[in-house]
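There are two complexes below, and they share chain A, which is joined by chain B in the first and by chain C in the second.
And then the complex of A and B:
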């Protein structure tokens, strides 16, 4: 399947141009020296979209913004909305709203809980908002999984397209920062107090909690705007370093696990390695953001340098920035049980 | 109308306006811009039936008032003025 459009909401702004600018600019200690990489929705200018999202929580708003942005970015004008699917993936779902609902129960009892908060705490709320705002009548699904939710969603989108369940699919990832998540993350893991996530440290690791959303419009069809092809999504593949026909490995190391040494087994001295988490933060759905960087590189045929290059293991890091011939990029994620998931991207 | 009642009603109206904006996420609306006699639903402020349920919860939480009869609710929820009158009368009766 092909990526025809990308929408993104992250701490650096909204839209693929904002993300590309962040990749080109690289890590800036002044911009990024924060303890949470949060999304400022007040910066979003599209008031028409906003009116349709009055009752939505931040989780759903980020998802709708990214999904709508992906549809617009694709420039596909004539899409049968009955043949457009939606798959939302998340590690935690709308956990901030769920905690708000629980607080409401404790504070006011079950009779006086806000019905709006309850409806937003339902896991499929974000995909329903996307369907409502964009007028989509195709299949609609939410996948909540701790480590590989985005990869699973992409795999499902591939199945839907192969089985002709739909012609296009908006597939994406969203997670929201909240006090509870921040508390757990900062107590179980080490906070990068200097504001720099060091993806190649592997152990000890340093993280910065974050939030955001990425959506792809994918299809079997190809357009002039196609970013790249998603060649395959593999789980638990061995002998990763033998895969020498890959031009770049992007790893999801971001300090969100206390020990990320498993990535060392995926790194080949022959293939340059990159990781872009310092630009968007530590998130279980970080794969979607790294995958977006890979898609941009394949479309633009240009590399974006590593934002943070602390390299205690002396691995072959991507050093260059600028034009190059790029055919294949692998986006690699490990979980704490050293299981992996790889998204193989290929030039369109 | 006594000065005390007038003063209390003004306070309740201001409180209700702020509550509506906050609880119903009326982000583009300033509480001061809500006219106290304009309809809350339909062509006035543009609220809908889901907002009505949220207002019921708001009254229960903040004033301890229950609106069980939705036919009566139509009259009570007509405007900020009618809502404030209901809150004033019923909190007065309670105390």
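And then the complex of A and C:
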């Protein structure tokens, strides 16, 4: 399947251009002296969109912004909305709203909770808002799991397209930062107190909690705007470094696991490695952001430098920046059981 | 597009109607409704609920009731399918739906955090290890895809539909598919706040219906490609032949008045199966007993299948089990096809003239090859599954 459009909301802004700018600009410690990579929705001025989302929580708003942006970015003008699918993936769902609901329950009792807050705390609220805003009548799926939710969503989108359940699919990932989640994350993991996520440290690791959303519009069709092809999505693949056809490995190391040494087994001395988490933060759905970087590189035929290059293991890091001929990029994620999921991207 | 034939080689179900399929069918047969007040947590809310009264010790994991319910149903289904507890040598996927099972919503944990800014991590650890599909995948060493679907009340139907797609697309040969959900304080108070819980026993499609009752449980199918079943020397006369899903694009909690999403999902499931509406011998409707759901669903069923279609809601026996509902109802639908009867639509007494269609009032013989199960969900999700009995040409 092909990526025809990308929408993104992250700490650096909204839209693929903002993300590309961040990739080009790279990491600046002074700009990024943050303990949370949060998204500022107030910067987004689209009143028409906000009108339709006035009751939505931040989780849903981020997802709708990214999904709508992906559809617009694709420049596909005529889509049969009955043939457009939606797949939303998340690690934690709208947990901030769930805790808001619990606040109501604890403060006012079970008889006096808010129906609006309850409705928005349901996991598929985001997909419902996306369908409503874009008028989508195709199949719709929301999935939640901790490590490979984005990869699983992409795989499912591929299946839907293969079996012609839909012609286009908006597939993406969203997670929201919340005080409670931040407490848990900082309790279980070490915070990067210098404001620098060091993706190639592997152990010990340091993270900075984050939030955001990425959506792809994917299809079997190809357009002039196509970013790249998603060649395959593999789970639990062994002997990763044998694949010498790959021009670049992007790894999802971001400090969100206490031990990320498993990535060392995925790294080949022959293939340069990159990781872009310092630009968007530590998130279970970080794969979607790294994959976006890969898609941009394949479209633009240009590399983006590693934002942070601390390299205690002496691995072959991507050094180049700028134009190059790029055919294939692998986006690699490990979980804490050292299982992996790989998204193989190919030039369109 | 017509699907390949995917067999149902195992079924497992636990709900207030019974702790396994045999018990549940016995309850359905005699119209036994095991509702009562909430006993698994303290609450001032006095709505009747359908709780699972007994979880066998070997499946009862402290603080993880949704997983415990899932384990009950999965074990029964695997046993029926003749599958062992170590599936590592087979290509088995796990696709389960839930709502409560995917939320970090421990009241004590959060209360402690609010009061002191810190909280014990036990609830968090249970949550992090309690993603339903991942848990079942690890427990049974099922290494093909796993996915937890959180499509609100259609979660389990959509999970079953996704598993059908996996098998048809060669991602796995066998799938453990369905849903599980526990009764929770959050959903009870949340649905209560929406004003859609009945203070009496629910009466789907009845003229005097006042809303839904919540329940809990799990329902799981073992789906299997014909070639895999043949290789294992396993046969079955039950098939899952089609799945349709469509969005209302209308409202966060209310169904679209014209039923467009439901209609599209049913048509897609029929097309997947290569059949027409007249091939359906009965419909196991979502039938929650709320004014809006039953009005929209009744109209769509009448529109597509005519006034004479035999249909029922089994929620009068189980309550609305949210993320488990589609799984439990899939098991009941397939079992009814096999047995040749459907139970009375529990709670239904008086026809709603505005619907122009009424469910079966008593245990009814059915004679046909195909049956449909529908699910409508918050968020405007609609899902439809088509089941078949015996040989399909």
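Here is the rule we go by: the second predicted complex is superposed on the first by the 348 of 348 C-alpha atoms of A that agree within 3 Å, B and C clash if a C-alpha of one lies under 4 Å from a C-alpha of the other, contacts with A are read in each partner's own complex, and residues count from 1 in each chain.
Convention: a residue touches a chain if its C-beta (ideal position, glycine included) is under 8 Å from a C-beta of that chain, and two chains touch if they have at least 3 such contacts.
As the structure is a computational prediction, the values presented were derived from the model and not from experiment.
Could you tell me if A:74 is touching chain B, chain C, both of them or neither one (first, second, both, neither)?
After superposing on A, A:74 lies clear of both chain B and chain C.
Could you look at A:95 and tell me whether it touches chain B, chain C, both or neither (first, second, both, neither)?
Second partner only.
State whether A:249 touches chain B only (first), chain C only (second), both chains, or neither.
Neither partner.
By the touch definition at the top of the document, which applies to A:108: first (chain B), second (chain C), both, or neither?
In the superposition, A:108 contacts chain B only.
For A:176 in the superposed arrangement: first (chain B), second (chain C), both or neither?
neither
With the two complexes superposed on chain A, say which partner A:122 touches: chain B (first), chain C (second), both, or neither.
So A:122 only meets chain C here.
Which chain makes contact with more of the residues of chain A, chain B or else chain C?
The partner with more contacted residues on chain A is C.
For A:282, select first, second, both or neither according to whether it touches chain B, chain C, the two together, or no partner.
neither
Can A:54 be said to touch chain B (first), chain C (second), both, or neither?
first
Can you list the residues of chain A that touch chain B in one structure and chain C in the other?
Comparing the two interfaces on chain A, one with chain B and one with chain C, the shared residues are 55, 111-115.
Can you list the chain B residues touching chain A in their complex?
Contacts found on chain B: 23-28, 50, 53-54, 57, 60-61.
Contact residues on chain C for chain A in the complex?
Answer in residue numbers: 1, 43-45, 99, 102-105, 107, 110-111, 113-114, 117-119, 121, 124, 128, 131, 133-134, 143, 145-152, 158, 162, 165-166, 168-169, 171, 185-186, 188-195, 244-253, 260-261, 264, 268, 377-381.
Residue numbers of chain A touching chain C in their complex, please.
Per the stated touch rule, the residues are 55, 81-82, 86, 92-93, 95, 98-99, 101-103, 105-106, 109-115, 118-125, 127-129, 131-132, 134-146, 152, 155-156, 159-160, 162-165, 180, 183-184, 187-188, 235-236.
For a test of understanding, state which residues of chain A touch chain B in their complex under the given definition.
Interface residues on the chain A side: 47, 50, 54-55, 108, 111-116.
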